[in-house]
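Paired with subunit B in one complex and with subunit C in the other, subunit A is shared by the two complexes that follow.
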Partner chain A sequence: MAETATTLPPRPAQEAPRFELKSFLTRYGSWIALALLILVNLAITPNFATWQTLNVNLTQVCAIVIVGVGMTLVIATGGIDLSVGALMAIAGALAPLIFLGKLFPLPSPAVGIALAFVLPVLVTGILGLFNGWLITHLRIQPIIATLVLFIAGRGIAQVFTNGNLQVFNLPEFQFIGLGRIFGIPFQAFLMVAIVAAAAWMLRRTMFGRQILAVGGNERAARLAGIPVASVKQRVYLISGLLSGIAGLIVIARNSAADANLVGLGMELDAIAAVAVGGTLLTGGRATVIGTLVGALIIQLVRYTLLANGVPDAAALVAKAGIIVLAVWLQRQGQR
Partner chain B sequence: MNGTMTFKTLQTIGRFGVLLALITLIVFGWLRYDNFLGTYNVLSVLRYNSMFALVALGMCFVIITGGIDLSVGSTAALGSVVAALASPYGAVPGLLAGLGAGLMIGACNALIITRLNILPFIATLATMLAASGCALLLAGNQSVSVSYESGFTELGQGDFLGFPVPAWIALVAYLLGSLVLNLTSFGRTVLAVGGNEDATRLMGLPATRVKAIVYLASGGLAGLAGVILAAQFGAGQPIEGVGWELFAIAAVVVGGTLLTGGVGSVGSTLAGVLLLGLIFNILNFENGLGWISLSAYWQSVIRGLFLLLVVAIQARLSVRTEETV
Partner chain C sequence: MAPLLSMHGINKRFAGIPALRAAELVVEKGEVHALIGQNGAGKSTLIKILTGYYAKDSGEIVFDGKPVTFSSPQEAQGAGISTIYQEINLVPYRSVTENICLGREKRRFGLLDWRAMHAEARALLSRFNIDIDVHRPLMAYPTAVQQMVAIARAIGFEAKLVIMDEPTSSLDEREVEVLFGVIRQLKAAGVSVIFVSHKLDELYSVCDRVTIMRDGRTVQVAPMAELSRLDLVTTMLGRELTQVLQEGRKADDTVDTRKPILKVQDLAIGRRVRGVDFEVRPGEIVGLAGLLGAGRTESVRAVFGADKPDTGMIRFAGSDKAMTEPADAIRAGMGFCSEDRKLEGIIPDMSVRENLTLALMPQLARRGIVDEGRSREIVDQFIKRLGIRCSDPEQRIRELSGGNQQKVLLARWLCMNPKLLILDEPTRGIDVGAKAEILSLIRELAGQGLGVLMISSELEEIVEAASRIFVLRDGRTVAELEGDAVNEQSVMAAMAHGHESNREAAHG
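Entry: the complex of A and B
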């Protein structure tokens, strides 16, 4: 502070490179962290560079990323969706009820499987619309509006199944969670497709620009003629649909649907991935690819610790540290 | 002037709405079920819900400042584990240990939010994970049974003057909370910070310190709830407390406290906790009558519907006040 007066003239020259480094770090910090994590693992974790490691990590991260994409869009509008885990449970409870023929008689197993893919996702989509309706028409804050389904949603799933575990063995349906193409889990392809589509939409389409405008300054967006309510509705619809897909993946992977456990805590995992990925939590700036990277970082840290004999509970503490560090670093970059 | 008047009406409706609903529910239960207002039922409802009441009290203060504390559930779990580990040394050491663990997490929240300037939502999300991890580490991934010889379990299972000890603890906490919010300059600053933080700062009020204290208190109360949890069920439970934070938020909101901060009442929060707690109780009685058999799973559905009803009414009211202003 004291030397500002004397060193005033050369200051811009000194400041410029430091500023660039800062913005470089905020922009690519998560990529660097991911790269470092992979390098560290290659050095210390035995059998890291194998297909199996890749597949294990991809399988564990897919559902989080898919839900996280919806969450990114919701957060980009300045909202939040706490109901994602409960919606996963609803989709997960409905699908087996449908293909096991417990809800209505099925003309053929194939129809049952087709309906088990379509109907649960449709239902969670409608529930997502319901969230949007509460937020836009009743003007309830997103955190409270989605809290309603967070509390009631899992209960609905439990009431459907009476809290029982539904076990099944249906390879055609379970392809979404267990299937492989060229040795890579099918769900990873699904995840990449969803991430790519959402990233393209956010950057290149009118709807994407509208999402960011609403999150940046809602009043200005409204004055500029953007249909704010409709944009928000669609964002919560997307989040609901993606939660449904993630719910199907999780039950297919487990060959069982447990309404008490499917998607439990998913809202927090997804929000953490979004935050670490560099999306602004107050809305207006978002990166879908960042969310993917954020989820990979969190997953990889956990894997690194577990693979090196650190208990899972300690990995939770590490996760907390990563979240705080990442958000703090991003704040530094904004100054 | 008109604005403040309608604001006051809104507040009154919020406060009396929850009381009215609570009284309706109690009268309904009293008319419909035998023994609903019997000593045993009343005392067990109070005993069980005192943990939630403590957590909701801290949450109420945090929400009035315009923040949120997601860490209370796992802080309570950590508190219960630490208290259980300290329980062989007696009731007071157990109590202090649990309280201390809660205060520690509260201090972390306060530091991250006020020093690192991170949004309360994300800061407390992180400490939630950290507290949960610490609880699991200390407990070795299993529940820790408490000592039954040292008198520690009295904190959860005992009675004092015919009233459950945990209910006494909650009652004292609520009385203190109400006094602090309504009669002290600290309480007024809490309300001011939630109303407009920048204005509060410009008036020279210690906004940062007040925020820090509020998160500290919320952590401490959650730790206390953990002590009661351990004493009541005879074990420190590292995986308990999941979803408590959202239950507490729901209770605070049902009590008419606005999530935007600046408005709130300690007494209505207690009414909100009892309202949500009674739903479960009434469901049990209804099943006991034998007409219907609703599983325990219905309680979360009904709670969700209740929350929806209350916030929908609140939203209507606030839209109307906006129009009249």
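Entry: the complex of A and C
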């Protein structure tokens, strides 16, 4: 391994080759890990190179990535959003109520479906703004502010549905979770579109620059005229909107909405994907593509273990191990 | 009688750079001793060596008749040297007794002996004439009492020497009086005090003798009563009065009648700023001088909208609409380089280019998308114009030297084409070469019509750069110097005494 390190672009001379290896790993570690995982699977997992495997893994990972994109932006400002899972449950509870006509009478089923896409996402967006309001106006720390909806959100979703499981069969709506284009799940296209848009936004737009400036040095950002409060509000809004979309995907996939289970533990999966992807958890440095890769790694490790007969419980331990490794590597790079 | 503490020939280097050069400090028993000097003069280093926080490179410390070398603050405290810092380091929710006895609890049969501890707390506080219920939580008492408890805790029963490092910065006038009462009691009890402060009034009202440090050396030791304020300030800043003979000021004698771009009147913010006036005309460099804590930074932050003033008028470019956010001030045409580059200036993980264009971004973006081509053009232009040394514009700013970081921050504002540039200590922590470059740049910009408001603690720098200087002392403007009056002597005189007459004249 030491040989590969010396062929890298030159670093300041006084640093030892070992350190260069570390910085290389920090930078490209997640890509290498993903490539290794795919290679290992090609070698040992039966039927790995099939459409089915690809689709299974994509379906599993989409919701995490979509939520993870919002989480990446939030973390880039130095915050965190624990409410994403609960917001998914709210969106997931609202949508069936709307298209089944339980909330208000529908002029036509098509209107119901359209509203079922739009309204739940708007509601979670507003709740995201509420998070941002708590953080910027009441100056509550993000972890506590978003804990409010983490706790209350799922309760709200259960109140909507009286705690009942809502089962439905509505292909037009479920296209978001079950539909396919050229044999690839529609949600994967949606995911790629969201990742691409967010990555472009972070790199090329003023808003993206403002997000990183706020996360990198909030006081300096304010003195440079950046509207810190508004930037923060907007990232929590985006996180809310994306959580809503993810909630719709999950219920569409399951043909059922269970306020108890939709998005359960999602906040932690999303944060894990962000961390493994190489975004700095203290803010100021973020990569949306990294989050996608991070989520894919976590998913693939789990799949690899399951496909090779390792029980799910052990897979969870492996997931924890990856997170520790990723965060450790990140710390090495911060000198 | 042998002194309680004598430190002789103390040397200390940090990374090869001398912080102390044969520094001396002698404190008699029962004496209140002032230790003063500018930032970086070496006072804190000397104190930290005494209390065992740093190890000295060479030199001798004799405390209470024995040569000592403390290797930790705990050891120094055990020997009878207590230190009181600016902040109150106590646990507000716990009782007064718990706070006082924290870390030295009395035990009986392995259990806490509350009765003995309450008695000890009461006895200790009564030494300072404080009679409060020690069972109640500390937060139930006003800050002054909390401060007293902190002092009592630090001093305990054993202290022979108490070091107070700017103890009054968070106290109001009444609390300061209480503190001075304590100091006098300590003195009466034979305890010595080392008092570090920048407020001359305080030094003269409580201290017996003074040690003045400059550039890591002890430059003067004298009884307080024999040293005039002017002498004290000149010694501290290192200027001989006789030396300060300004030959032919370059001041253009054309009396400036242009309307001021910025006018500030009767500004008040909390305890730090209590009546500050100044103004800046276009094309003029105005200096704000004053000792630390005089309220200079607080005033300019209020002008820029970074902090909210309590009262007062700030008129900028013909409008006295208050700036509530820096963004308002920037839109109106101001720029502000704060005094702490790291904390409030650079975004360390961002590139030189991103840092430079941070404030300009709204103008660089079309429908929210940053025009990278134009951004690169502007950045290249400023890197060339200001001589910013970086390997490439995409290099992270944290990898640059202090001087180059400062140039990037200057460029951040210059590319906005501002009407007024506020510079708080623009040359702090910058090497000599870069310093000269930055100062000549500032002058050149003023020549092109930019109004500059500059804070600097370096007298030489401010006198050389500014054509007008407002001197602040204890939160008030005490003098306005213009033309021939802009020299180190007048500035120091104003810092020491205030120039009431001068000010009256200026304001008619």
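Here is the rule we use: the second predicted complex is superposed on the first by the 314 of 335 C-alpha atoms of A that agree within 3 Å, B and C clash if a C-alpha of one lies under 4 Å from a C-alpha of the other, contacts with A are read in each partner's own complex, and residues count from 1 in each chain.
Just so we're on the same page, a residue touches a chain if its C-beta (ideal position, glycine included) is under 8 Å from a C-beta of that chain, and two chains touch if they have at least 3 such contacts.
Since this is a predicted model, take the numbers as computed values, not measurements.
Contacts of A:328 after superposition: subunit B is touched, whereas subunit C is not reached. When both complexes are overlaid on chain A, the residue A:224 reaches subunit C alone and has no touch with subunit B. Using the contact criterion defined above for the overlaid structures, shared-chain residue A:216 touches subunit C, although it does not reach subunit B.
Legend: residue contacts after superposition of the two complexes on their common chain; A:204 is shown touching subunit C, with no touch to subunit B. Legend: residue contacts after superposition of the two complexes on their common chain; A:317 is shown touching subunit B, with no touch to subunit C. Shared-chain residue A:162: touches subunit B; no touch with subunit C.
The larger set of touched subunit A residues comes from B, when the choice is between subunit B and subunit C.
Looking at the shared chain after the overlay, A:284 reaches subunit C, while subunit B stays out of its contact range.
In the superposition on chain A, A:140 makes contact with subunit B only, while subunit C stays out of contact range. Applying the stated contact rule after C-alpha superposition, one finds that A:152 touches subunit B and leaves subunit C untouched. For subunit A in complex with subunit C, the touching residues are 204-207, 209-210, 212-213, 216-217, 219-227, 280, 284-285. Touching subunit A in their complex are the following residues of subunit B: 68, 70, 112, 116-119, 121-123, 125-130, 132-137, 141, 242, 246-247, 249-250, 253, 259-260, 295, 297-305, 307-308, 311-312, 315-316, 318-319. For subunit A in complex with subunit B, the touching residues are 80, 82, 134, 138-141, 143-145, 147-156, 158-159, 162-163, 264-265, 268, 271-272, 275, 281-282, 311-317, 319-321, 323-324, 327-328, 331. Partner subunit A is touched in their complex by these residues of subunit C: 304, 306, 325-327, 329-331, 336, 338, 343-350, 354, 358-359, 361-362, 364-365, 368-370, 372, 412.
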